[in-house]
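Look at the two complexes coming up: chain A is in both, with chain B in one and chain C in the other.
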Partner chain A sequence: MADLTLTIDGGTVTVPEGSTILDAVRSVGGDLPTLCHGPTLEPANVCRVCMVEVEGAGALVPSCSRVVDEGMVVHTDTDRARHSRTVVMELLASSADLERVDDRFSAWMEDHGADPARFTGATIEGRPAKVHDDLYVRDYARCILCYRCVDACGEQHQNTFAITVAGRGFDAHISTEFDVALPDSACVYCGNCIAVCPTGALEGKIAWDMKEAGTWDIDRQEVTRTVCSYCGVGCNLDIHTQEGAIVDVTSPEDHDVTLGNLCIKGRFGWSFVVSVDE
Partner chain B sequence: MDLRLLSERPSAEERSAVDALLGSPERGDGRVAVGGHAVRARRHLLLPALHALQDAAGAITRGGVAYISERLSIPPTDVFGVASFYELFEVDGPGGVTERPCDDIACMGRGVAPVGAGTHVEPSACLGQCDRGPAVLRHEPGRGYTVRTGGAIGGPIHQPRSQLRLLRRVGAVDPTSLDAYLDSGGFEALAKAKAMGGEAVIAELEASGLRGRGGAAFPVGRKWDGVRRAAGDKVVIANGDESEPGTFKDRVVMEDDPFAVVEALALFGFVTGAKEGFIYVRGEYPTAAARLEAAVAAAGERGLLDLAIEVRRGAGAYICGEETALFASIEGFRGEPRQKPPFPNEAGVFGRPTGINNIETLVTVLEVLRIGGATFAELGTEGSTGPKLFCVSGDVDRPGVYEVEFGATGRDLLDLAGGVAAGRALGAVLFGGAAGVFGGDDALDVPLTFEDTRAARLTIGAGALIVFDDTTDFEPVVERIARFFSDESCGQCVPCRVGTVRQGESLQRMFSNPASTPLEVRLLGDLAKAMDDSSICGLGRTASLAVRSAIDLGLVGAAHG
Partner chain C sequence: MFGAGGGTSSYAEIEETDVILMWGSNAREAHPIFFHHVLKGVHNGARLFAIDPRRTATASWADLWLGIDVGSDIALANAVGRHIIEEGLHRTDFIDAATTGFDAYAEAVDRYTLEHAARITGVPASAIAELATAYATAGTAQLCWTLGITEHHNGTENVHALIDLALLTGHVGRWGSGLVPIRGQNNVQGGGDMGALPNKLPGFQDVEDDTIRSRFESAWDAAIPTRSGKHISLMNEAMDEGEIRCLYVLGENPMQSEADGSAMARRLEGLDFMVAQDIFLTRTAELADVVLPAAGWGETEGTVTSSERRVQRSRKAIDPPGSARDDIDILAGLARALGHDWDDRPAKDHWDELRLLSPMHAGMSYDRLEAEGGLQWPCPDEAHPGTPFLHGRLWDRPLTSKRAPFVATEFVPPVDELDHDYPIRLTTGRRLDSYNTGVQSGKYSSPRRIGGSIDLSSTDASNLGVEEGDTVRVISRRGEISAPVRIDPTLRAGLAFMSIHFPDDTDVNQLTIDAWDPKAGTAEFKATAVRVEA
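After this line comes the complex of A and B, so read on.
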């Protein structure tokens, strides 16, 4: 594939054809905020926290999805781009509970000086979490509608189509059909939606309970890589333990076959053990 | 993918309504639907199937959703997600009759129309009947939609017929008769096009200077040429979703000159090489849809069409007029706009190269062919050629669709409409509808051309002029506009989904506590910049225009601004 050259904030950068602006920025050690962009998913293009200025384009462009053109001139740090990113962060944080969002994102909010208190009004914060079983919790007061879980459950990973975006505008939300409880839906409890959720809206039951109780402490946790023994596929498992107890199981995103996905046995098999032990 | 279906079953009415659309079921029942590639390729039938359910039951029920899922091999959650997107689908609703009275800005001065006792009432945004409001859209299971207004179907034409090009058949030629259409010069443009060839048609269009009438003013010749040059199995679309408050010109054309729309789309197909076409009609326009369907059938039977045309009914979503959202809607997905590029002529509906034009644009193409591109270019101004339809509504004596040559001013249109109603003084005019800009008396002298309105920071939009007299309280008007955008946002992108809500809240605070005006005005400015710059589509990008112009003009927030 041919290489393309572009200018980012005054510096010349060369990237392979097909790279996004975000790829190009990262290739030279820079970075931008992202939320809906998941490394294992097609860009959903919806959160708009990654916007940059491209000379010649009327509006700002999403860096996570806009593919680089030869000679493109990009500015990531103009007042205009920062203003937009800041307001979008403020709007998000004023409308949903971002307390458990990905750490990198909190750092970006601080970096941009985002002040969500400027925008008070309708919020989904405080909506009760949906706890329908012992495996995982859907705490939609934290949902920013990034579409990642829907894409992971649907045609991009799992092909189950248990969840969708329903409604429109500010009422849009993630739902099963007619909002039936998860056990009555098509859900197969693979937990692959949990793996891609950037806000803590989807969480394993044990992890969620511990976070609610304030006992979740990442500094006291260890992660052990192992291979799942339930079937012959051989998925990698990362077992997270806190003081000797299993608190979560994830799968490495950079695995080229499983892309962070698992099935119910790999992801939740341990929790039966835990519940029995208790 | 195996489908897990809901356990509820459809009623006999629901089943037969869906079967009437899809044919009788080949196979498959119980909780797991079967169906291979062929069934899934019918995903695009989802919207018509949901209409069938709503028409049968007055609601989208669980049993109905289960049945559609099974028949089309679409997961029930997906069917639910799509149904819940559209205003006209009463998901889990009570069933029975629903009435939707318009409570939007062009009707405001006339109050809200009374609704039938015992009906389910859902107030609605502009119903596109502003020339004869206040309007109500009624839905009755088994009988479909009807519109109640203060006037007749179509548009009363208040201008001498000799002045009319685009509207010359409206009210004069029977819209249900193909022979009447043929007798009045119908299908001559298509014959001419075929005789001269596609390339020559494009040359005429380029010479004509014709630009799109749907709001973006894109040169038509260039668009058609792009589609013509694209490789692949192409599609052409007539955009009749017209949902901008204060706009009803496309309805008048579709209702009263439906064959012209069909001929123009066939011409679009001939020039670009498309074999398939859609007319996407706003769900709130039942008469237009019925007349277009009849026109397509009649012209087809007479062997006048090489293009397979399907009329598709929208289901209550302003955003589906945005071209990429319209594609998603036709495909059977939620009407969410897609990031461009790719542009429609590269990858449009079903990923195929697509040409899409507004209804008025298409019928104007017929006029270009009739008189020739060069003659057409002499009409109007240099930068804005040809005739143009304007919708004048609100506080005027004779609201209606007016056809003028580009160059006419707002004052000319106001005069045509009989001036401000009851001899009152002007308060303001909203140019372009909700996505438009307020102007005062001086704005009435600006020629309504693309170039002059741009210079004066006004807009033509799709051609709406909503007139407000000097007794108007603009606070509820501006709040209604803000609510329009938060109601109609598809919800996909944050600046629009949350920004449109914050805009409305800020206005409410400002109106209830005028002392907060300076603070709120600053907040509104910050919001507007982010919405303009970072929204995916034109809805979010224009959602703050009218609000800001109302503040700038001092219609609201003046005392403390």
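After this line comes the complex of A and C, so read on.
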């Protein structure tokens, strides 16, 4: 594949054809805020926190999806681009609970001087979490409708199509078909939606309980890479332990067998190792 | 196949192939992440054929579902082969250069006309022809199977019938074309690799070969029996005849996993002495004289091998509970008690010893397994990248290695015949959220778990006058159980299904037959004749 050369903030960058502006920025050690961009997913293009300015384009463009052209001139740090990203982060953080978004995003908020308190009155915070089983929790007060769970459940990974976005405006929410309860829906409880959720709106039950109780402490956790104990496909698992107890099981998104995905047994079926009658 | 027991292909190949056959495999439920790769292939334009008695979740993704009658796979495969030959779609260049036995194969399949096979299998002749044409004319094709092929009295012959199709069309030994038995347990492949087979030493080396055996004997400083041991079905016979009086069971639950469960219970109860080494007090362990509590998943170090022959590291994350010990530690302790002072060695040292003795694993150091996310055998030295697909040698011209043999097979119906008293064909399988006899999977709470049931077609249920949830008696020539009815739209009239996961409630192996394949020793779990009484 041919290489393309572009200019980013005055510097020359060369990337393979097909790269996005975000890829190009990251290839030279830079970065931009993202939320809806998942490394294993096609860009959903909905959160708008990664906007940059491209010379010759009237509107700002989303860097996570805009593919690089030869000779393109990109500005990531103009007042216009920064202002756009700042306001979008403020709007998102004022309308949903972003407390559990990863640390990198908090750093972006700080870096941009984003102040969510400038916007009040329109929020989904306070919506009760849906805790309906022992496997995972849907804490939709934290949901920013980034579509990552929808895409993972749909054609890009799981192909189960159990969920999508329903409703409009502040009524927009992640819904099963006809809004039926999860056990009556097409959901197969693979938890591949949890794996891609950037905000903690979807979380394993144990992790969510511990976070609610304030006992989840990433600094006291260890991660051990191993292989699932069930069928013979060889899915890699990361066992997260805290003080000698398993608190979560995930799969590495850079592993070519799983791309971070698992089935219900792999993600949730490990409690036999801590079974009391073992 | 053709020597080493493993699938030929990598999962990545199925994403790029033109035609996918899922034969006797409900991978959507039994191997969900493998099926992710299948679905990528489908989205990339591959045609998917599902050959299965049930219209499974896998079949619902297929371009064409061939609803075959249980146990008639050879008739279908032979008709596919015959049709390919008749239409002149076979790869004569490949057959001439790289195979043997084609003429005998062609003669053997000649009587399996489309019409004859349609009568045996219940699959319309046009569907058989469509499958044959699609497979033979595809640029690349992957033929995948699981226990729907192997859990029959003639499972090995079933596999040969499928291999023959790959040889006929040249769909083996090339990127995108291969034969893919998807393994049901996380290390059933690795168990075979390590020589946990009655006739093999590690690396699929023949125990009856004097040269090979002497290499192991000098490395181990011990004599190895010169003859192959017994597979499970021969062991069962030997227990029946009183030849085997003592049994050491590691990580297996034969009380509930073996066909014809009441016969198995009599066998185990009749032993002089039994040791069970397991992570739980299984029904088998309950019968044992000595139980050795073993450490389980997440509690031990080692390796496992997946269905694409990829050896990967498994690691310890937590300490085992109570007095449970690592399997290696238990075996070393046992050896010591028997007068052999084995060193206390970590798993890595045992692996390095294996690398000295098994050429296909020689290049797989722990460091490489770690750095490269696993390696696919054969990997004969540390500079070797591993082998994404097998049998590329069959395309070397001139061929410098052994030719691949066609093996002619004949359709022989399931041993447990249907008749007036036992008119319904019962088959078995897995469900998505559960696993084998439920020892592991029964411990987590799945919102989708539906428990044990006898699944019937709506036609059979209405003929019997039963409804969903009614408890019925299911009776075979060997036993009888009661189970709640579940109406299953994936079943045709005359076909019933039970999962294997709930032996405490619905012990399907009270019904199954222990007729077994003479080569593999696998019992015919998939074909039981039953009647259902309200």
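Criterion: the second predicted complex is superposed on the first by the 270 of 278 C-alpha atoms of A that agree within 3 Å, B and C clash if a C-alpha of one lies under 4 Å from a C-alpha of the other, contacts with A are read in each partner's own complex, and residues count from 1 in each chain.
Keep this in mind: a residue touches a chain if its C-beta (ideal position, glycine included) is under 8 Å from a C-beta of that chain, and two chains touch if they have at least 3 such contacts.
None of these values were measured; they are calculated from a predicted model.
Q: Quick one: classify A:R220 as touching chain B (first), chain C (second), both or neither.
A: Neither chain B nor chain C is touched by A:R220.
Q: After the superposition on A, what does A:S65 contact: first (chain B), second (chain C), both or neither?
A: Once the two structures are laid over each other on A, A:S65 reaches chain B alone.
Q: Considering only touches as defined above, state whether A:N159 meets chain B (first), chain C (second), both or neither.
A: Both partners.
Q: Mind working out whether A:I144 is in touch with chain B, chain C, both or neither, as first, second, both or neither?
A: First partner only, chain B.
Q: Does chain B (first) or chain C (second) touch A:N45, or do both, or does neither?
A: So A:N45 only meets chain B here.
Q: After the superposition on A, what does A:R118 contact: first (chain B), second (chain C), both or neither?
A: A:R118 sits against chain B, while chain C stays out of touch.
Q: In the overlay, answer first, second, both or neither for which of chain B and chain C A:R104 touches.
A: Touch partners of A:R104: none, neither chain B nor chain C.
Q: Find the residues of chain A that appear in the contact set with chain B and again in the contact set with chain C.
A: Chain A residues touching both partners: 159.
Q: Could you list, by residue number, the parts of chain A that touch chain C in their complex?
A: So the residues of chain A touching chain C come out as 132-135, 155, 157-159, 182-183, 188-190, 222, 224-236, 239, 241, 244-246, 255-259, 261-266, 268-275, 277-278.
Q: Name, in rising order, each residue of chain B that touches chain A in their complex.
A: Against chain A, chain B makes touches at 1, 3-4, 6, 62, 65, 75-81, 84-85, 91-92, 317, 334, 339, 486-495, 497-502, 505, 523, 526-527, 529-530, 532-536, 541.
Q: Okay, in this complex, where on chain A does chain B touch?
A: 45-49, 51, 59-60, 62, 65, 80, 83-84, 87-88, 91-92, 94-95, 118-122, 144-145, 159-172, 175-178, 180, 185-186
Q: In their shared complex, at which residues does chain C touch chain A?
A: For this pair, the touching residues of chain C are 11-12, 30-34, 36, 39, 43, 61, 182-189, 279-281, 293, 296-299, 304-308, 310, 312-319, 321-322, 324, 373-374, 432-435, 439-448.
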